[in-house]
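The following pair of complexes shares a single chain, chain A, combined with chain B in the former and chain C in the latter.
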Partner chain A sequence: MTIVSLRKRKIQITPYLFILPHLIFFVVFIGYPFFSGLYISFFQYDYLRPEATLFVGLQNYIDLFKTGSVKFIEFWNSIKVTLTFVIYSVPFLVIIPLGLAILLNTKIAGTKFFRAVYFAPWVLSCAVISLIWWWIFQSQGGLLNYYLKLIGFDTPRWLSTMPYAMITIVVATIWWTMGYNMVIFLAALQDIPNDLYEAAEIDGANSWQRFVNITIPMLQPVLIFIIIITIIASFNLLGQPLMMTRGAPAQPTGGGATEPVMLRIFNEGFVRPFQGSAAAMSVIVAIIMMVFSFTNFRIFRQRD
Partner chain B sequence: MTIQSQKPQIISYRNQKILKKFFVYFVLIVVALLVVIPLIWMLSTSFKLKSQLFTKEIYWIPKVVTLENYTKILDNPSTPIGLWFRNSLFVAVITTAAKLVIDSLAGYAYARMKFPGRNKIFNLLLVTLFLPGVMFLVPNFVTVSKLGMLNNFNGVIFPALASVFGVFFMRQFFNSIPKELEEAAEMDGANRLQIFIKIALPLAKPALATLAVIEFLASWNDFLWALLVLKDRTVQTLQPGLRTLQGAYTSEYGLMMAGAVIVAVPVLLLYIFLQRFIVQSVATTGLKG
Partner chain C sequence: MKRITRFVLPLILVLGLLLSACGTAATPEAPAQPAAEQPAAEQPADACGVVELQYWNPFTGPDGPFMGEMVNAFNAEHPDIVVTMVSQGEYYTQLSTAAAADTLPDVAIVHADQVSTQAFRNVLRPIDDLVAEMGISGDDYPAGVWAAGEVAGHRYSIPLDIHPMTAFYNADLFAAAGFTDAPKTGEEFDAVAAAITSGDNKGFDITGGFPVQQIFQMMLQQFGGSEFNADGTEATWNSEAGVQALQWMKDVQSKYSEPNLEVDAELNAFKTGTVGMVWNGIWQTTNVTGDGVEFDGRATAVPQIGPKMAVWAGSHQFTMPAHKTVDPCKDQAAAIFIKYMIENSVTWAKAGQIPASISVRASSEFKAIEPQASIAPSVEFAFFPPSVPGITDAFGPLGEAVGAVMNGTTDDIKAALDDAATRANEILAQNKATYGDAPKAP
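And now, the complex of A and B:
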């Protein structure tokens, strides 16, 4: 009897020992902060002066919704900047990779080489790519303005005037991440059965008709998937504006014209000492992102 | 009549094909140049003296090739990039190794063992995959500072180990391989740990390799969290280090590009050797995610 129960206990404890190492880190750094983030957002909190912590209730949230307050203007400006970035960058980050994937899906020599080249920037860090593009876009000695001048174009101050500052961030981001989307498109294209195209060809469909009637419908799930993950990734934009434009130029009403919401949270909680307020901003951004993902998820489900 | 009218058509069809091929290669080459030019510009600048940066004409190949930029940042106490390199390597290797161990253990348990609460716990983990990372920024920073892990490598390694992706990935893999070998070993009296180490893990080598590459890249390239936690120059890693480098000098683009080269070259080398493998890993994990 005792032996049986002992063995039973032993068997039961092993699986927990297997999952425990991960579960400890999970609880401390994903489970706990889920709640403590909300908790901190009800305080005036500065990690350097924990003794000055002050319970302020919903004040951090009220500040973000009180029209005309500095925090209101700065926060919603940063949301607007993020959405502008999404609108500027996502179409390119879908169309260019899709186009490249279609070209690379043809039966010509060297496609593997080109695929490798296009994907390469993705393995670099955002600090590296930001630094490179920051240097290319410099007014003094920058590569781009040198060639623009050579062919007789205007040479704007790319990094400090609008809309150019936003364009620099969009260009750097496209260059950095287009290979990732392209590779996913390419994998999906290769999964489309060849018989479909052959049958259509026999029926006399030209290549444009085949693209519209076979490729696009077959690609639709991946297309939606790419659009969603690209938008979500765009919400996390931080390194490029931090290193290239520093959020500049300043808006006349407040906030920076290239200061997206992650940079706003970074500045609020880690440059200025307002971690409670930064936590409140994070909660609102997280809710926006989750509503977005959830809606998409629902739409996805309904189509299936 | 019919034969005559067909002949020129065949030729024009062939011409059309050649023209199309030419067009495709033209586009592919132009895009490839656009991708490569910034990297070449980085490399070229890193070998230039400051006096060569702002000349009337641009030289892609420096008139005088100098290593000064590299030597200047390598032993400079205000931007100790050699030290940062070692820090990055240490953090990335330890993080990757620790993840491989704890994620494969957990993934195996969720895939192969039956225990009360298994599905509940695993579903909870899965749900957190959809939570935006921004939520954890402030609270985790507070936790790390309370645990005294600011300016400490543990402050970047430990939070990274909480990630659910690796557990999910390993579980998927273990679910996809046949159980027979493990069952046979169990009949022979091997315990769960022995089965895991001697049978399941060797089978999981390809999955472990994929996970290792993904996690090493993620850790090596981590910018934001390292920037927040590792503030002191002596404990910085390369990514926040590049920002320090950018702030430490004005208009010394040669120095900064030398820094960028030092950060970029290890991953680019890794990429050149494991190119097909890396692209494949990204494509498959991306589609599953």
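And now, the complex of A and C:
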């Protein structure tokens, strides 16, 4: 189609026209806010008090690294909470859906039904699943403790003591989101050509060998994708602790034992309201997430 | 692949439907009901015609319909003013985004401890002149709740109600233990709590989450302490009184309560009928008394445990948000509306609140509303935090310290309170530095 000659190089416009609509949304909702956030992070800033805007350079960042200050304690506590959640939840959110996908990829009766069953929680909103699990875990007549008591087990305070509070959030999240990963794994499994398995079978490979030597390598690109999006999704933890534990239990040194970093940033920016330092926190979290994703790519690409 | 699409697609459709259902969830609005020819006492000047007012509040719970009823009554009596009420959650986020877009309502409810912050953030404007015009003065209110509406020498709000910490008790358990009256002193409290605590029954349940920080504030005041110094520049809850207060809470927890309860667990336990007493906000009245429970659940004023009576309370206050251009017609109409709502706040009492106005509380109509009327005397002992911006931020560390002690994360009461005070002082200093001494000139 249209070809523009620019310094003797030829640039096709058509492809850019195709990505233009998305580009506009990307610029408006991601590009601009990102750079605007970066800019704000160098200011003392509250959008309702323009008269108080003050350039503070790196002060918002320095505050977050000043040992013993309130911001330092609260911010790094919440980072620790979120990282703990990522470490606990991501392996389960990869392994369980993979296992389910393999089970549901077999030709037995009722697979469609089970696929729908395992996927179903994912369509619920965060508030709904949080409430469901709150009712299961809560201490006064909650389902779990009721049955634990019946069979004579200890009845921990799931929502207000550690490590149980974190466990409840991890369990609720796994139940909620495993269906999504499972569907992606299922799609990938069905793309693996059957003749590979047949050939392996003829060569005498048992099912474990087939899994390790065919399934896993063939799934690798999808596996990397799943791990990365699951890490990012887990980093964005917010609703479950907000609804189930409200950050409890409180810690004497400051911060809640289940207060995730996204909640801290929201509170800093909209409750306190110091949008400058909230923006600085966001930038640091973004850097941490980038490092995570990059490391992931590196680790998995080495196997190629 | 195809098979997957076949079952994923319908699910995505369902998801879409669910999401859109959430998106269109309506906020309760009180429909304007312009009534027929009805003479009203006060009307804005004829030049204004029919004035439309937007009125926002955070009453998304069961109290919303009572407020809607009051607004409808006002609209019926004032054909020249049409008030539209909007109740919404995430209230202060809504207010601040509306402030940024200059789409704030004409009248808004703001909590007492938020008035100063919202004033400094240019969400509210001073209304000294209008309050004088309305003929409303501080004489009709307890000093504390009236002072909460004054920021840097200017009046920003008029109290509508006071919602105090309330003692709820299970009269059936009381009777079984040989008691008829709710405790009014520390000794009586111990006696009844000890008598009820046996087996699965607990005398007094207290959690490690909301409202333990508020209970601590109340005990601190009762033992003669206070949360902050008078000008709100320093946290003072780590005093002798503070240690006494928290020690008392820890003691009653170990003697009469289940340990390590999460937020709301005390209410749920109370509703099962196995708990003698719980303390929570007066807004829980319908939840844990009357038809809300299968036993004889009652609400009354909290007892005096320490040497000095004090009751934690919050307060909803009428404010007028800031606008780029001020419309005198709307101001006048808003003043008429606010005055009407205050004078008729006896309807609001039915929603489970105590009217702030002394004259309304003295009316025979209010005195007929139980249990509000018998809780009402306690609001004379209500205390409010100093009116400085960002004061609620400074309560954050206190909530953490009290929660940590009650949840057993730490045993060292003094150290926890000291540590929290240090952090709160840092926050207060930061707030002082960013907010300055007075809001931007209106």
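Note that the second predicted complex is superposed on the first by the 253 of 304 C-alpha atoms of A that agree within 3 Å, B and C clash if a C-alpha of one lies under 4 Å from a C-alpha of the other, contacts with A are read in each partner's own complex, and residues count from 1 in each chain.
One rule holds for everything that comes next: a contact is a pair of C-beta atoms (placed from the backbone, for glycine too) under 8 Å apart; a residue touches a chain by one contact, two chains touch by 3 or more.
Source: prediction; values computed, not measured.
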{"item": "Which of chain B and chain C A:R246 touches, first, second, both or neither", "value": "second"}
{"item": "Partner chain(s) touched by A:P97 [first = chain B, second = chain C, both, neither]", "value": "neither"}
{"item": "Touched partner set for A:Q138, first chain B, second chain C, both or neither", "value": "both"}
{"item": "Partner chain in contact with A:A116 - chain B first, chain C second, else both or neither", "value": "both"}
{"item": "Touch count on chain A, higher of chain B and chain C", "value": "B"}
{"item": "Which superposed partner A:P260 touches (first chain B, second chain C, both, neither)", "value": "neither"}
{"item": "Partner chain in contact with A:P15 - chain B first, chain C second, else both or neither", "value": "first"}
{"item": "Contacts of A:Q44 with chain B and chain C, given as first, second, both or neither", "value": "second"}
{"item": "Chain B versus chain C as contact partner of A:F270, first or second or both or neither", "value": "both"}
{"item": "Where chain A meets both chain C and chain B, residue numbers", "value": "47, 112, 115-116, 119-120, 122-125, 138, 140-141, 183, 186-187, 270"}
{"item": "Chain C - residues contacting chain A, complex", "value": "1, 3-4, 7-8, 11-12, 14-15, 18-19, 22, 92-93, 96, 99-100, 120-123, 207-210, 258-265, 268-269, 272, 390, 392-393, 397, 399-405, 407-410, 412, 415-416, 419-420, 423, 426-427, 430, 434-436, 440"}
{"item": "Touching residues on chain A, where the partner in the complex is chain B", "value": "12, 14-16, 18-19, 21-23, 25-26, 28-34, 36-37, 40, 45, 47, 100, 103-104, 106, 108, 110, 112, 114-128, 131-136, 138, 140-141, 143, 146, 175, 180, 183-184, 186-188, 222, 225, 229, 232, 235-236, 238-239, 242-243, 262, 265-266, 269-270, 275, 278-279, 282-283, 285-286, 289-290, 293"}
{"item": "Chain B residues within the chain A interface of the complex", "value": "21, 24-25, 27-28, 31-32, 34-36, 38-39, 41-42, 45, 53-54, 58, 101-103, 105-106, 108-110, 113-116, 118, 121, 125, 128, 130-143, 145, 158-159, 161-162, 164, 167, 191-193, 196, 217, 220-224, 228, 238-240, 242-243, 246, 251, 253, 256-257, 259-260, 263-264, 267-268, 270-271, 275-276, 278-279, 282-284, 286-287, 289"}
{"item": "For the chain A and chain C complex, residues of the former touching the latter", "value": "44, 46-49, 51-52, 69-70, 73, 112, 115-116, 119-120, 122-125, 138-141, 157, 159-162, 183, 186-187, 190-191, 245-246, 248-257, 270-274"}
